[in-house]
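Right after this note come the structures.
Here come two complexes built around subunit A, the first alongside subunit B, the second alongside subunit C.
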Partner chain A sequence: MNFVSIIFQRLLYAALLLTAVLVLNFSMMHLAPGDIADTIAQANGGADAEVMEQIREDYGLDQPFPIQLAKYVGGVLSFDLGYSFFYNQPVTTLIFEKLPATLLLVITSQLLALVVGVLLGVFSARNPKGASSYFVTLFALFGYSAPVFWTGILLLIAFSLKIPILPVAGMRDVTIEGGFFIHALDIARHMVLPVITLSSIFLALYSRLCRASMMEVLGSDYIRTAKAKGLSDAQVTYKHALKNSMSPVVTLAGIQFSAVVSGAVLVETVFSWPGLGSLALQSIVARDTPTILGILFFSALVVIVGNLLTDLVLRMIDPRVGSKG
Partner chain B sequence: MRNFIRSLTLATALVSAVASTSVAAEEPTKGGTLISVLFQTPRHLNPAVQSGVVTGAPGAQLFAAPIRYDEDWTPQPYLAESWETSDDGLTVTLKLVKNAVFHDGKPITSEDVAFSVDTIKANHPFKSMFAPVTAVETPDVHTAVLKLSQPHPALMLAMSSQLMPIIPKHVYGDGQDPKSHPQNSENVVGSGPFKLTEFKRDEHVILERFDKFFMEGRPYLDKIVMRIIKDQSAGSIGLENGEIHLATFMNTVRNINRMKKNENLTVTPDGYAAIGAIDWLAFNTVEGPTADPKVRQAIAYAVDKNFIHKAIMLGTAADAKTGIHPGSPLYNSDVNGYDLDLDKANALLDEAGKKKDATGTRFGLTIDFGWPSVKPQAEYVKAALKKVGIDVTVRSSPDFPTWAKRIGGHDFQMTIDTVFNWGDPAIGVHRTYQSSNIKKGVIWSNTQQYKNARVDELLELAGKEPDAAKRKALYKEFQEITANELPVYWLNTLPYHTVYNNKVGNPPLGIWASSSPMDKVFLKK
Partner chain C sequence: MSLNQEPIDVARSPFSEAMEMFRKNHAAVAGLVILILIVLGGIFGPFIYQGDPFEMVWAPFSPPGEEGYLLGTDYLGRDLVSMILHGARVSIAIGVSAAFLTVFIGITVGALAGYYKGWVEEILMRVTEFFQVLPTLLFSMVIVALFGASLPMITLAIGLVSWPAVARITRSEFLRIRELEYVMAARASGVRNWKLIFKVILPNALPPIIVQAALMVGSAILFEAGLSFLGLTDPNVVSWGQIIGSNRQYILDASYTVTIPGVAIFITVLAISLVGDGLNDALNPKLRQR
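Moving on, here comes the complex of A and B:
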């Protein structure tokens, strides 16, 4: 099978999958009891019956389910994700307003987790029985099992309260004045704790996986050959072994990109990071159906594109993948 | 009755303002940026078409109301320099200050007052605020006359704070739906002491001093930055390390108690009397065992409020014996408070014919709760009622709308709930007890389906009684009857607290907390 037909086939699957996601999400949201009229009443501290009827009418919630569904799917097909009930803004505007902050947080955290995770993995694979290796394992296990909101609050208490060197919340300090550099530095300061918190989960995954795969590779014949050639330890580890043990880590990183969005929801809430995660939580709490559906649709899109890319990249770096298909 | 308040000059207003806060006895300094915090993102910033305290905090800075209230529930002139109610109570005349302008420089006129009342009446969720207003006449630019179908004492509170923002007709009257007007969130043209610089959802609302504000020399602050921080623990840390100067509506009791130990901070429950939030245990008074008032009284005797106040609220909340907030001048503290008495509870249940079976159980009940923060009360009620033979099942809801659907649909036996007074009982209290407000599908209507002809009559009369003393007597009787029949059993006031850095002068501790103008707030040097 050639590349073009594979891509074509994948895109067809993706389109079908996205439609299924749309219909399924919409139906599930519809099944849940209660609606936006209740949450608008809550935000208002109460509302009269006629007001609530008016809200339901305004948002088309009084229409039968098939009509609502058809309207929504039709809207999405024409690239219209609808209007947020809660904010009275187009959902696409809201999503693109929040996307940069989330991407900044997520990509930085992923990179940090990947680099530090791989280094720790290599380090502990080289001396698997040493005390430091156990320390790395313990550290990874802690990062993976501690809930992120707890890690976040602990870090806040440590570095914002006890040793007050970092800000508690948000993405920037609006009272600061200055040029681009000062603002970039300010955002970097605000990023430190959320990035550490979010990367702690993935760091554990990557370091464990890298350690396991590294140990496997280090035991193989060609490594022994390389050592017998008289290459230094570092050369063997980083030039020969690491390259080959990276493949599972890359695969995992590709898949994990979808998990990052869900991780971001919690981290963004603890640190009031103004991204998609905050928006997702807010719209779920408010039962703001168009926004939730928009974010879910967008996440599905990210996952599908991510998987497609991972697949293609793996085919390129490892000819064995897909050779039989 | 002629209730004419002499018009006050700005100078005396200023003197009285300084005098009323003479506890601090400090000369206000000008300038500076106050950093405060909002614990949710407001939907938008126009309180004319959106209630709730999150819109109220920025809304009361952006828009001025005709009057304002001091700490003792006394109305003070604000955009209206004086007001007068006719003898029959059917006409209220407002005289506006002459030098007031909107943020775009256009003068504030009686036309705008009429437009604001119309907009609020048509779009605000609290229909009872202006329901008796039949027309607003504008005999001249600075005089607005509200015509009423019946005397309406709640009007005074409804004309204050965030409830009656004066919005410009030339902006919000352009034919677009005011509920979704684009200038509710950006380019807001207000009438208040601060104008909008920037509103970024999930980030901040930035307000700056409006130089042409009609009160000379005010506001004192140059800028207010309201940071949106959704996690109260993170917000508390910000207060403790000095990053944030002021937070209102904090209700996480452990954070509150921890901050009390910080010497740079003042933590106070003052300022929430008008908002008047009360936690309560509501009963289905029509179906199931709780239809019998004796069962409801027995439950009240079996639930130890003292435990709730001390162990769950950790001393941060006050007792509430009736549906009117204890901070209100209309509160009746002489009613039965149902102190813990298990013998009485058992006797009442026996009397109601609910005998214990062989296992010591009388009957089963369910209890709902609307949000996680009141779950401990629900769990406690379960444990407390076990002692008198009532087997309670705690029914969780995955989220608020699910709970609202159940309670609004009358599909419940007991529920823990939080309801707000919103200033005058006619606005926030009547709705729970009037039989005319039994409306299936509407949360915070009379979901208990409580019916008492005398209560209906009392509330009807109190709603239009212009004489303060007579009105108080009517509400006194109303509170006696409801405390006896217990459609709901009131547990405690919400532990709302204001926390501020000691650098802050004149923090918003009036009856409306942060939903009041912060023109007098200043930062000490």
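Moving on, here comes the complex of A and C:
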């Protein structure tokens, strides 16, 4: 099968998955006790039965389930995820406002986790009995066992309160004036702790897996051949072995997208990072169902796009993936 | 009849072998001991150390060790020792029951997919993929938010988002084992499908599933902690994540109200993952030699 038709197939499947998410979303909204009329009534301090009936009619809630579902799916296809009665804004506007902050946090922390994780893994694989190997094992245990929000709060106590070198919360300091560069620097300073916190979980995973796969690759015949040719250790490790030991790590990173988005919710809450995660929690507390479901839809979209990209990267670094189908 | 007994008999001696391997793993044994202590603390602690975890017993933010309160008091002047002990109950209960639910769904889906193959597998694995696309925490937040934050609902939410990993492992084990000769022989001698699935194949597919189940208890505890940290928990029950969440604003005055429950979660999950690693070494010795 050629590359284009594979991509086409994947996109079609992704569209199917997203439609399924929409159906699930809508069914949950339908099954949950209370509806939009209740929410509006609550926000206005109660309403009588007649008004409630009117609201239900206005929003088409009196129509049968399949018609409502079709309307919802149709709306989403035209980029309409509904209207938030809590924020008084269309849900899509709300989400697009918050999405960049979340993407910035998620992508930076994944890159950090991958780069540092792979380096740690390589160092410890080259020296399996050394201190770095021991460190990777301990670190992996910590990364798995410590709740990420707790790690975040500990870092916050250490580097914002006890030694106040980094900002406590938010994404930017509104009092700072200056050009683009100064603002970028300000955001970078705010990013340090959230990014380290979010990457800590994945750093542990990646370094452990990279060490295992690197050790396996280093034991293979072609590496011995490369060494016999007289290549230096560093050349063999970074040019020959690294490329092949990367594909399990990239595969794992691809599976983690859903976990990354979940972690982002907690990290954003700890650091008051103005992203989708904070929005999700606020709208859940406010019982703002259209916004919650819109975020769930968008995060599923992020995961699906992430999986597609991982698949592409894997095909690029490892030609064997394509041939297996 | 004897054919049905066979896998059980065979599994017997590797079992004692696995016990032996586990006992030699000091970290795993230490983890198990800690875990048993935590479980005992959760079950009997509240009887020995009496007191209502919701009761205001002393001035707020009394540091650990002062005024006779070993771990101090929180922002409402509640005794942290009492809260931690009651929290252990919730964490362990939810961790274990969510892991059971996860394993139950995962084994059912994975076994059917791996045994029947064909369109059954196709459909079930697509459903599994679908559940993996939904960000776990966000999805369970939505479930809890829409359908109420009771402990059973939280357990259900955690189980509902965590089963795909178990289903995948079970399926790949079933795909491998169903082609083995003893299964072929059993099938040829007319053993029924459900008996093949649950009595012939499943016992031999269990080792990696058991390891995964052990780790699931840990991740379910982390999951519950995350939900209750966000405030999505039964307000009438104390849990570790909730102590951290509700004291979070006061870290400047009393950081111990956040660090102590976090240490409790950390140690519990660490102990579980040590036991899980030990089980992995003991039950899947071949995997380890790589």
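Heads up, the rule we're going with is that the second predicted complex is superposed on the first by the 279 of 325 C-alpha atoms of A that agree within 3 Å, B and C clash if a C-alpha of one lies under 4 Å from a C-alpha of the other, contacts with A are read in each partner's own complex, and residues count from 1 in each chain.
As a convention for this text, a contact is a pair of C-beta atoms (placed from the backbone, for glycine too) under 8 Å apart; a residue touches a chain by one contact, two chains touch by 3 or more.
Since we're looking at a predicted model, the values are computed, not measured.
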| item | value |
| --- | --- |
| Partner chain in contact with A:221 - subunit B first, subunit C second, else both or neither | neither |
| Touched partner set for A:169, first subunit B, second subunit C, both or neither | first |
| Contacts of A:269 with subunit B and subunit C, given as first, second, both or neither | both |
| Touching partner for A:49 - first (subunit B), second (subunit C), both, neither | first |
| First, second, both or neither for A:21, with subunit B first and subunit C second | second |
| Partner chain in contact with A:295 - subunit B first, subunit C second, else both or neither | second |
| Touched partner set for A:38, first subunit B, second subunit C, both or neither | first |
| Touched partner set for A:278, first subunit B, second subunit C, both or neither | first |
| Contacts of A:233 with subunit B and subunit C, given as first, second, both or neither | neither |
| Footprint overlap on subunit A, where subunit B in one structure and subunit C in the other make contact | 32-33, 153, 156-157, 161, 269-270, 284-285, 287 |
| Subunit A-touching residues of subunit C, taken from the complex the two chains share | 129-130, 132-139, 141-143, 145-148, 218, 222, 225-226, 229-232, 241, 244, 248, 251-252, 255, 258-259, 262, 265-266, 269-270, 273-274, 290 |
| Touching residues on subunit A, where the partner in the complex is subunit C | 17, 20-21, 24, 28-29, 31-33, 141-142, 144-150, 153-154, 156-157, 161, 212, 216, 255, 258-259, 261-263, 265-266, 269-270, 280-281, 284-285, 287, 289, 292-293, 295-296, 299-300, 303-304, 307 |
| In the complex with subunit A, residue positions of subunit B that touch it | 33, 35, 41, 43-44, 50-54, 125-127, 179-180, 184-185, 198, 200-204, 206, 225, 227-231, 233-235, 237-238, 240-244, 398-406, 408, 419-420, 422, 428, 431, 439, 441-445 |
| In the complex, subunit A residues that touch subunit B | 32-36, 38-52, 86-88, 94, 97-98, 153, 156-157, 160-161, 164, 167-172, 174-175, 269-272, 274-275, 278-279, 282, 284-285, 287 |
